[in-house]
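Next up is a structure, given as structure tokens.
Chain nomenclature is as follows: A, B, C and D, assigned in order of appearance, with residue numbering initiated at 1 for each chain independently.
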Amino acid sequence: MFKKMIAKSMSKSPWIYHMNTGSCNGCDIELVACLTPRFDAERFGFKLAGSPRHADIVVVSGPITSQSKDRLIRTLEQVPKPFCVVSLGSCPKSGNVFKGSYSVEAPLDKYVNVDVSVAGCACKPETIIEGLYKATLILQKKREAMEK
Amino acid sequence: MSYIHFPVIAVMGQFLAAFLVAIFGSKSRKASQAITLIASACAFVLVCLLIKPVALDGQIISYWMGNWEPVSGYAIGIGYEMDALGLFFAVLVSFIILMSAIYSLRYLEHDEAVDRYYTLFLMLSGSLLGLVMTGDLFNMFIMIEIMTFSAVGLTAFRNYIPEALEAAMKYLVIGSVGSSMTLAGVALLYAQTHTLNMAQVAAKIGAMQASGGLTPTVVFAFGLMFVGFGIKSFMFPFHTPVADAHPVAPTSFSMVFSTMVIKAGVYGLIRIAYIVFQVMDKSSVQILITAFGCVTMFLGVTMALAQHDFKRLLAFHSISQIGYIITALGLGTALGLTGSLFHVMNHTLFKALLFMCAGAVLHMTGSKNLDELGGLSKKMPHTTICFLIAAFSIAGIPPFNGFASKWMIYQATYEKAVESGNFFYALVTVVAVVVSVLTLASFIKVTMSVFFGQLPEKYKDAKEAPASMLIPMWITAILCLGTGVLYQLVDRTLTAPAVAASLTPANYVDKMMGSGYAASFSVKDAVATAVQHMSYWNPVLWLTLLVIVMLGVFIVILSGDNERGPVLKTKEPVADGKYATFFSGEKYRHSHMGGSDLFWGFKHDMKPYFDFIEEKHSGVLTDYTLWTIVAMAVIVVYTFVFVK
Amino acid sequence: MVQNMLMNLLHIFIFPGLLFVTVIGVLMTGIDRKLVARMQKRVGPPIVQGFYDFFKLMGKESIVPEAANKPAFLAAPIIGYVSLVVMVLFIPMFSFSVYSGTADMIVLIYLLTIPGVALIVGGTASGNPYAGVGASREMVAMIGYELPLILSVLAVCRKVGGSAMTFSLNEIVNWQAANGCALFQWALIPAALAFLLVIPGEVGTQPFDVAEAETEILEGPLIEYSGAPLAMFKLNTALKMFIMPAMFVALFLGGVHTGNVVLDVVLFILLTGLVSFITMTVPHAIAARFKVERLFKFYWTLVAALGLVSLVLVWFGL
Amino acid sequence: MRLPFTPIALKNLFSKPSTVLYPFKAEVQAPPNYRGKLTYDPTKCVNCGMCVKVCSPGAINRIYEDVEGGQHITYEFDMSSCTFCATCQDFCSTGAIKLSDNFHMAEEDHENLMVRGSYFKKSVPGKLVRGDDCVFCGLCEKACPEGCIKVDRPNKTWTWDEAECVRCEKCVQKCPKKCLEFKAAESGVEWSDACVYCTLCEKKCPVGAIKVDRANKTWEIDKEACIKCGTCVSVCPKKALTLND
């Protein structure tokens, strides 16, 4: 009945679930900085959600240490469709300076296909907002694909 | 066979059945069960047949044992008098006895020497029925004695459990203290009025009151009997034995124990306060009873919150609900009494259901420790639904029956507060509402720690309770919902006549001793204010609204095009995957949130209070008897000083 | 008869019933989030953000976890929502009132507990330990704010009742129409203050949301919910955000009577908005979340004392 | 009962929000010398490989394609693996790498995050040979990016470190006298002045292609006869001979 409205609102109220897989917290504080008055991601409807069941965009930061690998996989499985995965900073995409270490199983692509990757070692809040905005557009496309 | 003989047949039938079971029972378990079922069924039928004449037509059945009519105004023989008040309790007693009989068929399958159980059980039911029908003071004392001793016997039925013996001992000692008080009261009354027949005693006391205050012996007698019946109904200072008895008593008995044995004390209180001594119009007596009721309420529920044992928690809740009943009873107004009697019925229904659920859980899993159990709703769906209905009705959630009676009680206490201008009653209303929320809290605690949450490894193969246990549970559950919704119907047929009967002692006396008798002793009727209550609230409208809105909401949801995710059909929680419980990423492991680690904030703040009361409930028999004696002294002194 | 039935259906589903209160409630959450943002010097989401959230959640897949008890898990939000909608029918909007003649304060207070119980049962039915913690905290909060709520309501009923005793909301409103708002009787001011402090506790907005503390216990009871049931629970909060201030306005500001009905309703909504701004938006912007036992101590000492003071004052005929 | 932030909150309510409406309405300038996205100028690059060596996350890699007459070298900078420390920028002697202040690096496909640049590098034969009209001015030493030429004007010495040399031919272009030249060592055995004319190579050469004259210190080799077996190279005690294929 509200197909069009649902698809539109899919991009208008994306809730973010933040997964820190061993990050140095540089990107984490930048992500939270987006919600501060200066950058204010909430004007696009972004909201930090507490549980993966409420998540629309899963933001992963950190080089996926071996400890957090199976937890990451388990949590990603529990997120309801449609959802996007955004990688924050260089670590999830390539393991950054930790590449090749015994305890880093870096590229996030091994476990889930990353929709948007925000580069920058400690990426700038503006870039994060740009990346999340792109993710919302993908969300809407995924929702329309789900309906067919 | 006019209905005049039904009361006595019902009582004697039970005792006869008790002896039959004693004789034939030891040979085969089936025989004793059959006899019990037949006896309780016929008692129930007989009492129901009495509803039409006694409640609706307002007749009072008087029956003289051995046809010893009163001679020139003096009652010689034992008179049975069945008025609407007695009938109200009789209906409840026989219903619960029947339910318990059906329940115990499968519940006692692990026990042997079941015939002894059924003998005591039938003695208990006989004495209960006799108590509510008798018109003779000493006969009432005898019935109370039989009830107490059969209750003690049944508490200690599983004598291989040491706690059972200890609890039975406590109950025996405190119970007999209560009985001896009642006996002393009866003796004093007999000395003063030279008769044992309640109607005649009421007439004489009515005359005494008309011609200047009560004589000291009568006041002393009232004090003693009030304490006696107070102990039988486990009021505040005397409530401890019931808390120890319930965890160890067999559930089919504790179901009767917590509903009807305690109500026998309440019935006694109503009988002596309203009809025999007619003191309820004195404000001092009202404050005394309401104060005790209020303290019982609050203490019962706060102790319940701190419990780890399922049945001990339910025991403390019976105490707190008895507090409600006694508070409403003590107001002395018509609405108060209606609320109290209606709460008697509701409490009987949902408490029996709660104990049956507890019994089913104990029978199936073998444990009643709240910290161990969890997640049983998947294995025992029927028990869960019944428990939820009972929990919501005891907490007073609107459509269920607890709400109707609790609401009457609030309205009565607050109306009393406004009428009498006494601020104490306003506080009583506040305490009543807070206690209701705390009851809700403790039943949420039980729901969380027993039925919802995660299923521990031990109870993986728990099965649903057998059919013979589920039938009585479902009957009581439907009644719980029924009385909640159609409370006006129930009010008209049972409660209102009972209230009218207890507010008009003159009618009671006339029927028993021959017309005109009361007038000669100028027994006046308590002022029966028009019972106008809860006219605003008709649950039928509320329920229709609920149903209509529910339909509207369902239509909206079904039209939504998002598809429901299919639930996996695996049996135990999936370690990984979409449908596993979210442990913030950890692998699934059993971490159940229930039992004693709930309501941390509340317990943390009330720590001094909880420490104090837990330390007071030491479990030592001598402490409890000390309390009883001290409380008895206080009450008697109070009655001497204030009751004129 | 049919006309009457239609009128009833209209009342239930359209005007003060389902549609109206849902729209108003969700709008109020939008305005609330916008004003909180503005108070923190940031732009904040659009006013209709509540609708976007609702429709997005309707579009999401709703997962019922394996350890959950499915019927209780799915029925809880609907029961909460239905009882809230029914409550709105009982609250009189000044002269316009649908069924307010057939219910009174005690029924409303008990109807208020149903959404709380629904949240708790829903939370525990999901079988998640975090939800257990959330439900237990919600219960402690409920014990907390029930005492001052009943105290302030009793105070008002006593003041309005005079010699006779009344719990009926209708009479309270008529009495206020006769001799001025209850708020301006100085004996009732502490009761009004107590009720104001109870409103955010009941609704569960930021400083008092110990049950759904997303930072501490991952959204408390709502942790396992997703999709339509979660949308329903968010709707419950939105409805409560309208109903609690509405009760305050009916109880304490009842005397503001104007001519026709439409003006009354508009004024009622404005007043509700104002009350919700004072009680929910400002504290959300300035205060951090309470600890559980701090919240309980706050309600049972300070706010309950306010209620008691007003009850005593009213009692001695002031 | 102090309400801490109420006056500020209410004041904010009526003042303009301090949000920078970034993506659509306001343009944001990165702060000065902000280390953003990397830019690479292939023309300046001399393929010295320093940046690859110093890049801690190993985000840079080189791809060689052999093309006739030289190599096609492409440098690939993976922005999603870069840690933006700008060490490569410091070590790049020719200034080919610059970190710009462009921070718009949120991409969907990985390709946009790869900065690539490639150029053609003529292949440079053999060794650097110094002509004799060298005046030891030292300009070639300064021009060499890798510092593999050492010139000592007073005692007129000029050395060239073959291992370090990346054959960028900067020295050749710089030399005023044009006396430097990369000569491909023609194939076959090559003599160097470390020779002590011990005639061992002459004796061991299977085809007798080497003639050594100890007296007036001369060494010749017959190119056609030489079968490039390498025995002379291995047997030479002073390692004076090298075999160039």
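As a convention for this text, contacts are C-beta pairs under 8 Å (C-beta built on N, C-alpha and C of every residue); 3 or more make two chains touch, one makes a residue touch a chain.
Not measured: the values here are computed from a predicted model.
Trainee: Specify the chain with the shortest distance from its C-alpha centroid to the centroid of every protein C-alpha atom present.
Mentor: Nearest to the common C-alpha centre lies chain C.
Trainee: More C-beta pairs touching across which pair, A-B or A-C?
Mentor: Looking at contacts between chains, A-C has the larger number.
Trainee: Could you please state the distance in Å, as a whole number, between where the Cα atoms of chain A are centred and where those of chain B are centred?
Mentor: 58
Trainee: Could you state the distance in Å from the CA-based centre of chain B to that of chain D?
Mentor: Going by mean C-alpha positions, chain B sits 96 Å from chain D.
Trainee: Just the number, please: Cα centre separation of chain A and chain C in whole Å.
Mentor: Once rounded, the distance between the two centres reads 35 Å.
Trainee: Distance from the CA centroid of chain C to that of chain D, rounded to the nearest Å?
Mentor: 73
Trainee: What positions in chain D touch 2 or more of the other chains?
Mentor: 17-19, 21
Trainee: Of all the residues in chain A, which ones touch at least 2 other chains?
Mentor: 2, 6, 37-38, 40, 43, 51, 53, 78, 80
Trainee: Counting only residues that touch at least two other chains, what does the list for chain C look like?
Mentor: 37, 40-44, 58-63, 130, 218, 223-224, 227
Trainee: Work through the pairs of chains, note which ones touch, and then classify the graph as line, ring, star, complete or other.
Mentor: Looks like something else, not a line, ring, star or complete graph.
Trainee: Report the residues of chain B in contact with chain C in the complex, numbered from low to high.
Mentor: Chain B residues touching chain C: 375, 377-378, 384, 388, 392, 395-398, 403, 407, 410-411, 414-415, 417-419, 423, 426, 429-430, 433-434, 437-438, 440-441, 444-445, 447-448, 451-455, 536-538, 541-542, 545-546, 548-550, 552-554, 557, 560, 562-565, 567-568, 570, 573-574, 578-584, 591-594, 597-602, 604-605.
Trainee: Okay, in this complex, where on chain D does chain A touch?
Mentor: Residues in contact with chain A: 17-23, 28, 30, 36-37, 56-59, 78-85, 103-108, 110, 113.
Trainee: Please name which positions on chain C make contact with chain D in the complex.
Mentor: Touch list, chain C to chain D: 35, 37-44, 282, 285-287.
Trainee: So in the complex, which bits of chain B are touching chain A?
Mentor: Residues 559-562, 565, 576-578, 580, 582, 584-587.
Trainee: With touch defined as at the start, can you tell me which chain A residues reach chain D in the complex?
Mentor: For chain A paired with chain D, touching residues are 37-40, 43, 90, 93-97, 99-100, 115-121, 123-124, 126-131, 133-134, 138.
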